[in-house]
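Submitted below is the structure of interest, expressed as structure tokens.
Going in written order, the chains are labelled A, B and C, and every chain counts its residues from 1.
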Amino acid sequence: MATLQLREAIRAAMTEEMERDENVFLMGEEVAEYNGAYKVSQGMLDQFGPDRVIDTPIAELGFAGLGIGAAMSGLRPIIEFMTFNFSYVAFDQVVNNAPNMRYMSGGQFGCPIVFRGPNGAAGQLGATHSNSTEALYSNFPGLKVIAPSNPDDAKGLLKSAIRDDDPVVFLESEQMYGLKGEVSDESDYLLPIGKARIAREGDDVTIVAHSKSYHVTMKAAEELEKEGFSAEIIDPRTIKPLDIETIIRSVMKTNRLVVVDESSPFSSVASEVTHQVQERAFDHLDAPVLRVTPPDTPAPYAPNLMDRYMPSVEEIVRASKRVMYAAA
Amino acid sequence: MAIEIEMPKLTDTMEDGVLSAWLVDEGDEVSAGDVIAQVETDKATMDVEAFDDGVLLKKMIDEGDSVPIGQLIAVLGEEGEDISDLVAGGDGAAEAEASATAEDDTSTTASDATETSDASESAAPAGDGQVRDREPEPVPAGTDEEGRRIKASPLARRLAKEHSIDLATMDGSGPEGRIVRRDVEARIEEGEAAPAEPETAPAPQPSTEPAFEMPTSVVDEAGELYESENISQMRKTISRRLAQSKYTAPHFYLTVDVDMANAVEARKKLNALTEKQDGPKISFNDFITKSCALALRQHPYVNASYLAKDGEIRKYNQVHVGVAVAIDEGLITPVIRNADRKGLAQISKETRELAGRARNRELQPEEFEGSTFTTSNLGMFGIEEFTAIINPPNAAILAIGEIRDEPVVEDGEVVPGKRMKITLSCDHRVVDGAVGAQFLQDVKRYLEDPMNMLL
Amino acid sequence: MADDKSKAQTDPADALDAPSGDGAADEEAVTESAADEATEPEGPWTRQSIDIPDGPITETVEYNTYPADRFSHDELDLADDDLMPMLRNMLLQRRFEERCRQMYQRQKISGFLHLYIGQESVSTGSVYGIRLGEDSVITAYRDHGIGLAMGMDPGVCMAELFGKKDGCSRGKGGSMHFFDASKRMFGGHAIVGAHLPLGAGVAFAHKYRGEDNVCLCFFGDGAMAQGAYREALNLAGIYDLPIVFICENNQYAMGTAVDRVQAEPDLFKHGRSFDMPCSLASGMDVFSVNRAVKDHVALARDGQPSMLEIRTYRYQGHSISDPAKYRQEGELDARKSEDAIVRLEQYIVNQGVAADSEIETLDEEIKQEVLDAIEFAENSDFPDDDAIYEHVYAQEDYPFIN
């Protein structure tokens, strides 16, 4: 096991796949000469040259679409959005072209592409730069959406995503790029897309949390432990397809569920998990499912407002206690 | 071969069209691409064109007629061709009129009409059938006798159903009285799953209006009349369990006065020893726990439960003594397991530790559940004697008063004495008067001569 | 055709470095020319000067034109034997589209239906200018014509329009989404302008693989108002992609005339912003189209993207429910008098390649072929219900929410 930062694990995944398959290339703003806006692609230009590590103009619609055309032709592009906030400029390409090609062509043209980059709020950046897009992109049939919480998952899942024949939205986090973790040394380390990880076992309440929220939730679990409550934490890792079976099994054990999600609450990942759980495990629920999300507002700037905005340890503890009918 | 010309679909939303003008006459030659008529649709006046060459043999409708898409409006063919089967059924205009009043019948007149209806069927949402298939069976919501909906979690409903528990007989401890898992589990544990027999044990009637007058306004000139406090989960549990005990277990009480002089002496000596060993001090309560535990072994009906649901009296092979501890929110009874087999020092240590954790609300369920007998001590508050409510599913509870300095007559002389009153509450369903009295005698014997505990 | 690489006279960047009498600027110009001799290493840094010369900056730009009636078939390396198949190619589109109108009116075809009648020379002239099956084609939603011109089977195309399982897209695409991977027909695309970046990507893949194939990317005049147009051309320009951007200017974006919504209605000139060779061709003559496409394809094979506007005219409304009342009186008839099919028929007869009667026979054959296509579509089944879950994901066991 090697200890890598998240950015290094992502870089390792891309590098290994580009070494393995000539059809894989990396394209995006500042990925080559600048070595990556967040240094994810550092050194890759030197290794692979400008034909495979390609700087683009600030034209997300254009280069996202270019990637889709290349993918329809059988290449395997990795399209980096400097942040997923900018993917909205390419929205039509990501949601209306990439996922529909296979279907509309009756299976003749696939789209093996990965759109990747940081997602979600990253501090005080204001509303336009703080979008959490996982719920949004999960709404489009034909797309897969992955949002790992640690370097090991990131590496194994990104390698799988690059090899996947379907378009994948791979969501990282600016604030997690420096996060260190043990990463498998396995020469060909692949993790299956669509499989959740039981990150912590417990009996009293199930908490589902992904990406950055997962780390907040682990802290909340420690707080709950101090008060004698044992939380089971499930990191879905892949948002779509969602490993609902693992969540259902856990809820059948604990009978209570809290979903933590950085997406805005309306039609969020939390909404979807909640719906599926009530549909499939209704008679196992001892309390309404609660979710911890930002309020239904744009992300603010002021530090106190931003603290209020992001899901917090306190909110997760409070929600957990409520579903356990424990005095707060 | 004759070619039928039908009312065309000219816009994506059109359903029927008014033939506003014929641009050719019967007998005229027509080429593919010629405009033969104009039709007013929902959107605009559109041209009707011929897609084949031929002679217009027959107009089937007149200008001004409105017909649905697909209805025959004209027949194209070769000069002199027999088209009688196409025009059979009479005048097209009359048909058109009929169709305007009874649209459902039009399908019989238009050659494409059957396909039309096919198309509209297939245009219905394909998932429709699936949705119906997936509609879940309605789950009975559960109502009380007055038909009010009972609030219970889905899990609680399922558990109740599995254990044949009528939710209407239960109070819930969740928000707004929601019955949740722990409520049903408590009921299962109590063995009270069957509805209480009303003639012997009337259930509490929480819905009954209180008999006393409630203040009608919260504030008067003197200020607030009362403060409201949400009923805590613990209070609700105490309320439910003790009410259930008092209402369903017929209590009777036995009191005895115990000479504690020897116990006081023994405690002094023991504590001198434990002090040297850095051990915990032995309290009088520890003496009582130990005495009860030893006596319980000799009186199996006191160390028992009356389980109506299972139709049995359960006599326990182990002795687990619950010790009531007052905490801020209420009280809780940590359990000294196998107290009959533990020494005083061990009992003392465990009791202190459990009480401390109880006050910090750190007790795990297994630490306060499963007692076979309970003691409650209010001596430290100067209470001389009292009666306690049995802690279900125990068969008895011992209430302990203070140790009093009292003049006593010994060998004909009045001397200072140490006395303590203890009161046993018994569940008459399992403990009869004599059984309780004999048990109490033994407890008294151990306390009055602690050396007996060593035997 | 102007040589794209010799841009010395027209490039404003060069004009900036022109001697201006200012000493510093002169020095700069010297340095720059030294750099042009490849002594200065390539780098990510800018080479643009901010020493602004005395103005004004003037440029002379040349645009090639391909008017009607200029080219004969032998000049295009077309044999006599190519002419009747070329006519057949165009007539098939015309007859197919005419029956489509009828089939829509009979409710065999649903959804939006955009007909190609009047524009057949664009598709046919283009297809005769590429290596069919090796070069790639991508277009917008008015896609029946190019599909048929590329040799897609009319029955399979009609089955698609009928929503049948034997359709070219298995009944999942409809009129606006014809695809044929075997012909490298990368689809009809129905969001205006959104497929231009895809075309750049298809061309990118050709280049990435080191092939000398090219991509023809067709779009309408309306698409040129989209941002995607600018982004796609810019990307093609900076990556030297083998692509020809072909604007089929049929004069109307739905009902809006091109000069009402383009500040520069000479659409071919827009390519200049990306330093691309730009041309204007007549869509009323299949030879003009063919010559233009061949010239631009040659550029593309050399890694030079370019812009070609073809002025054409659709005879029908935008879609089937558009009566096209926005046209000027007599406009349609004037255009029809220049009809590209009629023009080719006359050319064939005048050249003595075939007689009128032979052309009539050909037309009858094609009409029957279209009726056969309708019969094929009619007899084909609708897709199985389960087909709704097919081809969404490549993954076979994808856990659908259903």
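We take it that contacts are C-beta pairs under 8 Å (C-beta built on N, C-alpha and C of every residue); 3 or more make two chains touch, one makes a residue touch a chain.
What you see is a predicted model; the values in this text were computed from it and never measured.
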Looking only at C-beta pairs in contact, point me to the busier pair out of A-B and A-C.
-> A-C
When the mean CA coordinate of each chain is compared with the mean CA coordinate of the whole protein, which chain is closest?
-> A
State, to the nearest whole Å, the distance from the C-alpha centre of chain B to the C-alpha centre of chain C.
-> 66
Return the distance between the CA-based centres of chain A and chain B, expressed in whole Å.
-> 35
Could you tell me the distance, in whole angstrom, between the mean C-alpha positions of chain A and chain C?
-> 39
Mind pulling up the chain B residues that touch chain C in the complex?
-> 6, 8-14, 32-33, 43-47, 49, 51, 69-70, 112, 115-116, 119, 122-123, 126, 130
Residues of chain B touching chain A in the complex = 139, 153-158, 173-175, 180-182, 232-233, 361-362, 364
Residues of chain C touching chain B in the complex | 98-99, 101-102, 104-107, 110-112, 319-321, 323, 325, 382, 385, 388, 402
Using the touch definition up top, name the residues of chain A that touch chain C in the complex.
-> 25, 33, 51, 54-57, 59, 61-75, 77, 92-93, 96-97, 101-110, 112, 141-142, 144, 164-166, 194, 241, 244, 276
Would you mind writing out the residues of chain A in touch with chain B in their complex?
-> 228, 255, 282-287, 325-327
